[in-house]
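Here the chain labels run A, B, C and D in written order, and each chain numbers its own residues starting at 1.
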Amino acid sequence: MAEFMSLKDAVASRVRDGDSVAMEGFTHLIPYAAGHEVIRQKRRGLTLIRMTPDILYDQLIGMGCADRLVFSWGGNPGVGSLHRMRDAVEKAWPHPLALTEHSHAAMANAYEAGASNLPFAMLRGYIGADLPKVNPSIRSVTCPYTGEVLATVPAIRPDVAIIHALRADLKGNVLLEGITGVQKEAVLAAQRSIITVEQIVEDFGSRSPNAVILPHWTVGAVVAVPGGAHPSYAHGYYKRDNAFYIAWDAIARERDSFLAWMEVNVMQAGPEAFAARRPRAA
Amino acid sequence: MAEFMSLKDAVASRVRDGDSVAMEGFTHLIPYAAGHEVIRQKRRGLTLIRMTPDILYDQLIGMGCADRLVFSWGGNPGVGSLHRMRDAVEKAWPHPLALTEHSHAAMANAYEAGASNLPFAMLRGYIGADLPKVNPSIRSVTCPYTGEVLATVPAIRPDVAIIHALRADLKGNVLLEGITGVQKEAVLAAQRSIITVEQIVEDFGSRSPNAVILPHWTVGAVVAVPGGAHPSYAHGYYKRDNAFYIAWDAIARERDSFLAWMEVNVMQAGPEAFAARRPRAA
Amino acid sequence: MTMHTFHTSPVTPTEMMTIAAARALKSSDVCFVGIGAPSAACNLARLTHAPDITLIYESGTIGTEPDVLPLSIGDGDLCDTALTTVPVPEMFRYWLQGGRITIGFLGGAQIDRFANLNTTVVGSYDEPKVRLPGGGGAPEIASNCGEVFITMAMGNRAFVEKLPFITSMGHGEGGDHRARLGLRTKGPTRLITDLCVFTPDPVTKELTVVSLHPGVTREQVQENCGWPVRFVADTSQTPPATEEELSVLRALHARTRKAHGGI
Amino acid sequence: MTMHTFHTSPVTPTEMMTIAAARALKSSDVCFVGIGAPSAACNLARLTHAPDITLIYESGTIGTEPDVLPLSIGDGDLCDTALTTVPVPEMFRYWLQGGRITIGFLGGAQIDRFANLNTTVVGSYDEPKVRLPGGGGAPEIASNCGEVFITMAMGNRAFVEKLPFITSMGHGEGGDHRARLGLRTKGPTRLITDLCVFTPDPVTKELTVVSLHPGVTREQVQENCGWPVRFVADTSQTPPATEEELSVLRALHARTRKAHGGI
């Protein structure tokens, strides 16, 4: 049931040490403001779940919030490596990071199975690939009609899902539009959820009858954080800050420059800082 | 690949005796005009697939087009029985009709599996129900992680899918809106397809970025038939003709009255007759 | 205030059934609505004491607020007034199987003492005396919703000793049958008829009369039921229809008749 | 007309790679686009000889026509110019696994002679020397698309005798390996590099050079490849970049740099 509250209270009440947390958003609508609040509140031992870990997860990992990463592609899209993620995996800094690695198809199906209350997902996948050799959770079922063997993965059922959406109405119904990724599935699959939005409106008004909406009785904490997806973007609000994604490579390359940046821009800042970070409106 | 043609040519080129044919539309957008053309062209031995057989399938069955019906609920919604379907099942008139019966959940999942190119679908379903005793295609798989046993059904892959949509553009892209049922899945699961639309427009113009669209390279024959869903309806074009659904009960109750009505309104009519049947605009 | 003070015609058994059924619903419920009697009860609840109830129809319409009763589960009015409308596979996967529905509201052609329902056939499946519409969404509504309410008019051909076919499971053979099949949902918790209200016995799960509608006797109930009916010791009287309940229901039916060109 | 007549700087090997890769695509193709070099080639094809090509990115954007090259697979421009955008689970279920994609266009960090790709790790998986981004969509793109094109710049660390990790299967151990695993798709049918174009041998499936880019020698190809390279007897010369190809590509990159604030 939707509850409006501050981002600080949302993270304090919904995210616990040791939780499995899915912060989703497929390039679009990545919940940076909420992720930064998790860092400020110094959560530890998290299992971080995300198809495409990018800068936000580089920050969480570099600040020591995560013990495990469940993912299918981890990089700075179009720029290069995630230096903090690599440092954790290759050199165990700030501490070791265990990996549970899938393909995109497997993870998308695993979220879909979680939203569908199924214990596992099946796909025509991983054929001839090495991932099943290093990820024991990839198994198989046999079709009871054709005998075909299909790959399986366990359904993803996070303790907490965190997403950023475009708008919420006064009841707490939540609207997404554009590239919706796996956010709806992540929220429906999770036990608890935090949803930041660009704005809270009285009413969604005229819209497609098939608009992507999470009803108020399917969501948890709802928080207005204008600009809360920056440097990711919000369809119709502001564009992706590609210049920042490029700049991040130098910031994150060394531990010192990373820590210095985080101190100023995350530890000493708050959600209200995001509004000013938005590039020109899309 | 989309091809514009007449309804007569569409059915002549896409529907063959003995085919499995899914005419979908969940109350909304039922392809009556196309179904009537199948009756006029006297197709025989069809396996008719549809979650909710209503008047259109009553007509196809009563006119002897079908040997088998794959379905999950067969009736005249809110009115009563389908007298022609009952006559075929109970008294083999005009000839016997074999049944493959599912639940809605199973059929919806079976279409989804067909669209996903999976050999079968699984669901938490049929628990404690008698259908698995009379439908041998309902089987099971065991979860490789939890040991839970889940019901399975074979994917639905029709020879032909027939649907009615709102609009097509000049490339043959097809737009649906409102209650979209399983139409998109049926077309993606089928080998061939026929799509009638209310109108063909130069361009869809401004729309939701997440509009329900079948790209031109996923559809087959595309035919403009204004009113082609009557007595069903088309979102934004005309309302459901509930008075006709009520009137059908008397028409279909006796074989003679049914045959007389079909002769005048289907055998001696054509797709052009549908435009005049539309009730007041929605 | 009771019905006797009305300046309108007295409440009919069918109206009493719909009104008693509507009272079982709360504003906080998320209700998967079967067509027919359940739809009337759910919308009466929404138009009276449960204005914020979330009504879901299997056509994919979520949070719908129709002005008239739909003739089908997919009338345009359901989509036009819904919060949003999703594809049917999503409805059954994410919403029903997803476990997000608190109440499934069903009707049926036949029922037995353990609230199992038949809407498939009378007679044998292969050579049916009467071929009924089939299960539709019922088999999974019965297993996946938090609990199930059923509303049906009583009669010896509807309330039977033994069902020819179990379309959707209620409490099966009674007792812990559901639990033995791995079901964690409650199953049928309330049966509202035109004569009385049944709830399952806490242990045996046999349907037991807990309240009689105004003016109805235990004998009438037994005459219209194919099995020996059990009554709780302190059977109460169903509170009579209020003037508001009756006037809202009749106005709803009048709007509906007008809209559908006379059903 | 050849590049020598240009009044602009000569074509670079990377530009020649993109141009040769773009030529492999047709207007009738439905192409699942990997980020980076494949994205540049696919959009160059769309802006030159294949205006009606359908480009699909794994973010769910179908039939997209970006004005600049996206930095990520989900830039807003992809959604704003798409026919429609679907959820990511649907993209992988209905569209990729559904078998509706004719061409999957991939890049990679490392490749072997049978066109298997590694984008996961250098060194051992548990103690990697270099942790790469991982497979993303590649494992299922490689198995579910009608055929696969690959574009990569050559070099001894990229074109290796043995991969430390097979992220996505090409022709496996060669021969009929794909068929033996039940795959009915063609797998990699073309590898376009900065020096030449490879296609798999019809029988052994080993990548074989069929054409050398203008000015490139067999020796250069061998020097930049970790396995002994096979050449077809009648190795041809890749047709030089045309003025149109080069000017459209450079304009595209210029627009892209401007839009992304300098990459």
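Throughout what follows, a contact is a pair of C-beta atoms (placed from the backbone, for glycine too) under 8 Å apart; a residue touches a chain by one contact, two chains touch by 3 or more.
The structure presented is a predicted model; accordingly, all values stated were derived computationally and were not measured.
**Student:** Just to be sure I understand: going only through chains that touch, what's the smallest number of steps from subunit B to subunit C?
**Tutor:** The distance in steps between these two chains is 1.
**Student:** Mind listing the chains that sit against subunit A and also against subunit D?
**Tutor:** Shared contacts of subunit A and subunit D: B.
**Student:** From the C-alpha centre of subunit A to that of subunit C, how far is it in Å?
**Tutor:** Here the centre of subunit C sits 41 Å away from the centre of subunit A.
**Student:** For subunit C and subunit D, what's the span in angstrom between their mean Cα positions?
**Tutor:** Computed value for the inter-centroid distance: 58 Å.
**Student:** Quick check on subunit D: which residues sit in contact with 2+ other chains?
**Tutor:** 79, 85, 93, 97
**Student:** Can you list every residue of subunit B that touches 2 or more other chains, as numbers and ranges?
**Tutor:** Expected reply: 112, 117-118, 123-124, 148, 178, 180, 185, 209-212, 235.
**Student:** Applying that definition of touch, give me each pair of chains that meets it.
**Tutor:** By the stated definition, chains touch in these pairs: A-B, A-C, A-D, B-C, B-D.
**Student:** If you look only at subunit D, which of its residues touch subunit A in the complex?
**Tutor:** Spelled out, the residues of subunit D in touch with subunit A are 35-36, 58-61, 70-76, 78-79, 85, 87-89, 91-93, 96-97, 116, 120, 125-126, 128-140, 142-144, 165-169, 172, 177-178, 181-183, 259-263.
**Student:** What part of subunit B is in contact with subunit D in the complex they form?
**Tutor:** 112, 115-118, 173, 185, 188, 209-213, 215, 217-218
**Student:** Which residues of subunit B touch subunit C once you look at their complex with the stated criterion?
**Tutor:** By the definition above, subunit B touches subunit C via 26-28, 51-52, 71-75, 77-79, 81, 85-86, 89-90, 101, 103-105, 108-109, 111-112, 123-131, 134, 148, 178-182, 184-185, 212, 233, 235, 239-240, 242-243, 245-246, 282.
**Student:** Mind listing the subunit C positions that touch subunit A in their complex?
**Tutor:** 30, 54, 62-63, 79-80, 82-86, 93-94, 97-100
**Student:** Residue numbers of subunit B touching subunit A in their complex, please.
**Tutor:** Those in contact with subunit A are residues 117-120, 122-124, 137, 139-146, 148, 150, 152, 154, 177-178, 180, 207-212, 235.
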